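The following blocks contain the structures, represented as structure tokens.
In what follows, chain A forms one complex with chain B and a second complex with chain C.
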Partner chain A sequence: MLARRILTRLLTTLVTLLGVSIVVFVVIRVVPGNPIAMMLPPGATQADIDRLNALYGFDRSILAQYFIWLGGVVQGDFGTSIQTRQPVLDLVLRRLPATLELAIMALVIAVALGGFLALTGTRLRGTATEGAIDVGNGMALSIPDFLWGLVLILLFGVLWPVFDISGRVSPSLVPEFYTRFFLFESVLRLRFDLWLDLVRHMLMPALALAIPLAAIIGQLLKQSLKETMHLDYVTLARTKGYGENHVIVREALRNAVLPTLTLIGVQFTFLIGGTVIIERLFSYEGLGNMAIDAVINRDLPLIQGIVIVFALLFTVINLIVDLLYTVLNPRLRNA
Partner chain B sequence: MLDARDMVKRRLGLRLWLSGGWLVLLLLAALMAPWIAPHDPLEQDLFTSRLPPFWMAGAEPGYWLGTDSLGRDVLTRIMYGARVALIVALVAGTATMLIGAALGLIAGYYRGWPDMVISRLIDIWMAFPPVLFAILLIAVLGTGLTSVIIAIIVIDWTRFARVVRAEAMAQGAMDYVASAQVAGQRRLGIMLREILPNVLPTIVALLTLEMGIAVIVEAILSFVNLSISTDDPTWGGMIAEGRTSIHQAWWVLVFPLAALFLTVLSFSQLGEGLKDRFDPVLR
Partner chain C sequence: MSAFLSIRNLSAVLKGGPPLLRSVSLDVAAGEVRGLVGESGAGKSMIGKAVLGILPRAVEVVEGEIWLDGVDLLRLKPTERRRRIGATAALIPQDPMTALNPSRRIGPQITDRLVDILGWRRAAADARALELLEQVHIPDPARVMRAYPHELSGGMRQRVLIASAFAAEPKLIVADEPTTALDVTVQKQILRLIAQMQARHGTALLFVTHDLGVVSKICGTLSVLYAGKVVEDADVRDFFAAPAHPYSAALLAATPRYTDPKAGLNPVPASVIKAVDAEISAFDRGWRNG
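So, the complex of A and B:
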């Protein structure tokens, strides 16, 4: 039964991805303004234009273009960027690690911060502190990452300039690493000076992405904890003489954490979506920043590639969360 | 016994008034901007560039919140920017609600193939990073107020569709719907007369939330210079300009940011407050 569930999910994921590719293709082909004309110097002959059109396949019908492109994608060929004339896949893969590191750092911050707020709120329930946490969460929730980013730039870039608010790494320190996962590889290579520089650059954009998610986690986890605290087995643990901290962390948390886990999965995709504008705001050299440049330059193959990679990331995360939920939830295991 | 938590929360009864008050103030400023704004929003004067706000040394009278690097009055531009923000909030918010809620109702109540098509579309939409999608749409549609509004509708209808679909589904399974069916009402009638009124509080709360989101999306688009024409004052455009001169003239960033912050917060707090008011259980 589990295998069948997984298979159905895989199939719907595939349908979603196909749908995404069709939507992107349709939207992009409506673009007025010929990207080829922008590549050529003024005074180029019609023959030159035709040759380039043929090279990028723009002279075929839209349907034919779609299937040629799709055929390439299946084989790992995302086409060639019009702006830089490099393979799209190379460009995307060079930027993807930066975005993934940023998103994961934001996720870790959000879970730590949200978990701390939920546990504190539960431990001090009924006090003014809990009320303050509720109010703070409510406000943090309704302000999106873009605004938090600007606030953080003002606070820690200008008012009290302790963090870098521009770029991914100081220009003098750009490493010659094997992978583009600088943060990860700098630890493996024990380059802690570099690691610190990376963190100084990443912390503010990551925090901007993390604040709304931390508020959501704090709110939901606290609510689940509250419901669990009334259950018999928690009361039993209390009568056994365990302290309140032990009861919350060791007994209640274990049963309360499941709804939050599912929520984190869905919200993580929203967080990754947020990297697009946050990277722009902090001039962080990730995929999102490149995407905005690609749109402004009308680099069609690059836009297609980036959107597909984002969609792939989103659907894979949703798939993993779904399957994880099936495995973790004992009630669904035999369903 | 008085719960200390309640005291903190009770003070929030104010929030409906505070957020409503800010939005009314903003609306008045936007409507009357041509008559009450101290300057022309596009008037440039390099002799008065980067003037600080009124309480700082070097401030000029008449330029309350200072000027930007081209000598344009910040307060005036915030008032004119409020026009764009509020038009987008009202028009895009309402249109998104109408389309999203209609699709959600149909999917949730009729089920069957309409639900299958709409749910699949929602899945596909959820796989797009919304900001990137919006920027892409503006690149295709061209800049301008109409394009911004269309882009917001296209990316955000799923927010209403998802929630309304789930609610309509839950309502559709209830006894009163079954008895209306037995009484011989037509399905369209049941959907509009029985289900819709019960889903309406949720839709209204989502609407105010969506208005705040529309304001943010417009600000983001004008921040990357893809909203309305670059000359017209927008909060996002002012923020983008302020970001580049942040170390020389912080006020060019801070004041439009504060306006944006308060507006988004007010819309969402208004929604929360209205939801509590409408909620029959809490009332």
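So, the complex of A and C:
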């Protein structure tokens, strides 16, 4: 049953990606701005422009261009970046790990922080602490991630410079890595010197992405925990002799997590969207930063490739959330 | 004190609001089955909750004592009180559809108290749970132990909850309208089962219900509540022969008779309500002045 569900999802994903590629393909070709104009020096002749247009196939109809591109994609060729003349796939795959690590780090922080706030708020419900948590959550929620980024840069990069606020890792350390997954690799190889340097760089952008999500998780999880605490099975557990902490964690938490989980899935895709600006802000060499450059330079094949990767990422996240939901909720298991 | 559970002058209020319990006193001796009857809102469930330490936060006990097995629960620290209640008393809840945790398997929900609170070994607790599930006539108990609540019917779940209540061999069980949420046909079976289990284990039972028919079948004694006050405390046989309080008599007369449908419904007469309300107000005046 599970296998069939995954298969259905993968097929849906394929259709989604096709749709996304068509929309993006058309949009970036219809909006003003010409990649060829960006490449040529001022005063280039019409003949030069025509020659380059023909080289990149921009002289053909959009439909024809799309099918040429799609034909390449089917064979694993996403085209060549106009700006760097390198294959799009290589460029994207080199940057993807950086963004993935940043997003996952942010997610882990958000879940830990939000979970802690929710559990504390539930434990101390009705007290001033819960009120303080609500106010803090409200503030964290009403400030978007890029403003948090600026605040963190000012606080921990300028006023009290304990963190590095630019880049992913100290440039001198880059040759130490074999893969592009710097953070995972440093942990696996037990190179904690590298790990520390990475965290010094990544913590601030990750935190900027995590704070709004942590607030959302904290708020929603606390709400559903408090509702769950009134249910009969929680009361029954109390009569057995269990205390507040035990009741919250073992009886209420798992059932309260379900609605939050759906939300985390949706919000995580927003968080990945947020990496675009946050990476720019922190000069972090990830996919989002590259996306901005690609848009500025009208690097059409690269934009196309990045968007497809983001779309793929979103569908994979939704699939994972779906599967987790099935694992956590026994009622769905044989449905 | 000979009674296993002895409630003395228990009064409780809704915080900043009206009284819910008015100097309630009642005893349940070891092995005794006491019915606690009254209309909805009379405070019968509140008494059960007070005994089990699960009063809602909005309810405040203003005076009184709850002696359970020789200890006044209200004088214990919360942690100690919880442990004590968990080790000596148990609850058969009202609605079996909501009283089991949907994301935990049945087995652990029966054995958790044995292992965590009473310090049994897991294997012994599992064996005990199997034994109890057999006692409540659950077919294939080993499979049920591994099942999730949604795989069982309402009647089955109530059987599981009964097994769970008796598993730790408590001296007192509070049954809070345990048949109200069930199908009429299942109600009878569950009632018979509770009576059977009570007789077998010799447990004292505080049976909260609004149904006098149920009381006549299962209880030895009963307390009648009106507006949080015990208006009659009697032996069941005496009560059904000749209720002492006019309100009790009216309540008894109001019980629908299935054998004589033409008799119709006999609501408690307004004059009786008026009289008992006057009694309550008089009590409240005395309470405030005293």
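Keep in mind that, in the parts below, the second predicted complex is superposed on the first by the 291 of 335 C-alpha atoms of A that agree within 3 Å, B and C clash if a C-alpha of one lies under 4 Å from a C-alpha of the other, contacts with A are read in each partner's own complex, and residues count from 1 in each chain.
Basically, a residue touches a chain if its C-beta (ideal position, glycine included) is under 8 Å from a C-beta of that chain, and two chains touch if they have at least 3 such contacts.
What you see is a predicted model; the values in this text were computed from it and never measured.
Asks: Assess the superposed three-chain arrangement around chain A: do chain B and chain C clash, or do they fit?
Replies: fit
Asks: Tell me which partner A:Gly241 touches in the superposition: chain B (first), chain C (second), both or neither.
Replies: In the superposed model, A:Gly241 contacts chain C only, not chain B.
Asks: Mind working out whether A:Gly126 is in touch with chain B, chain C, both or neither, as first, second, both or neither?
Replies: both
Asks: Considering only touches as defined above, state whether A:Arg51 meets chain B (first), chain C (second), both or neither.
Replies: Touch status of A:Arg51: no partner.
Asks: Return first, second, both or neither, reflecting whether A:Leu231 touches chain B, chain C, both chains, or no partner chain.
Replies: Second partner only, chain C.
Asks: Is the number of chain A residues in contact higher for chain B or for chain C?
Replies: Tallying touched residues of chain A, the top partner is B.
Asks: Tell me which partner A:Leu328 touches in the superposition: chain B (first), chain C (second), both or neither.
Replies: In the superposed model, A:Leu328 contacts chain C only, not chain B.
Asks: Quick check on the superposed pair: does A:Asn255 touch chain B, chain C, both, or neither? Answer first, second, both or neither.
Replies: So A:Asn255 only meets chain C here.
Asks: When the two structures are overlaid on chain A, which partner does A:Ser142 contact: first (chain B), second (chain C), both, or neither?
Replies: A:Ser142 contacts chain B only, not chain C.
Asks: Looking at A:Arg189 after the superposition, I want to know if it touches chain B, chain C, both of them or none. Which is it: first, second, both, neither?
Replies: neither
Asks: Angle at chain A, chain B to chain C, CA centres, as a multiple of 10°?
Replies: 90
Asks: Chain B and chain C, closest CA-CA distance after overlay, in Å?
Replies: Between chain B and chain C, the shortest C-alpha distance works out to 6 Å.
Asks: Can you pull the chain A residues that chain B and chain C both touch?
Replies: 126
Asks: Considering the complex alone, what residue numbers of chain C touch chain A?
Replies: Listed in rising order, the residues of chain C that touch chain A are 52-54, 57, 79, 82-87, 89-91, 93-95, 98-104, 112-113, 116-117, 148, 150, 161.
Asks: Would you tell me which residues of chain A are touching chain B in their complex?
Replies: Residue list for chain A touching chain B: 12, 15-17, 19-20, 23-24, 27-28, 30-32, 125-128, 130-132, 134-135, 138-139, 141-144, 146-147, 150-151, 153-154, 157-158, 269, 272-277, 280-281, 288, 291-292, 295-296, 298, 303, 306-307, 310-311, 314-315.
Asks: Quick one: which bits of chain B touch chain A in the complex? Just the residue numbers, please.
Replies: Within the complex, chain B contacts chain A at residues 3-9, 12, 120-121, 123-124, 126-132, 135-137, 139-140, 142, 209, 212-213, 216, 219-220, 223-224, 226, 239, 243, 246-247, 250, 253-254, 257, 260-261, 264-265, 268-269, 272.
Asks: So in the complex, which bits of chain A are touching chain C?
Replies: Within the complex, chain A touches chain C at residues 126, 231-233, 235-243, 246, 251, 254-255, 328-331.
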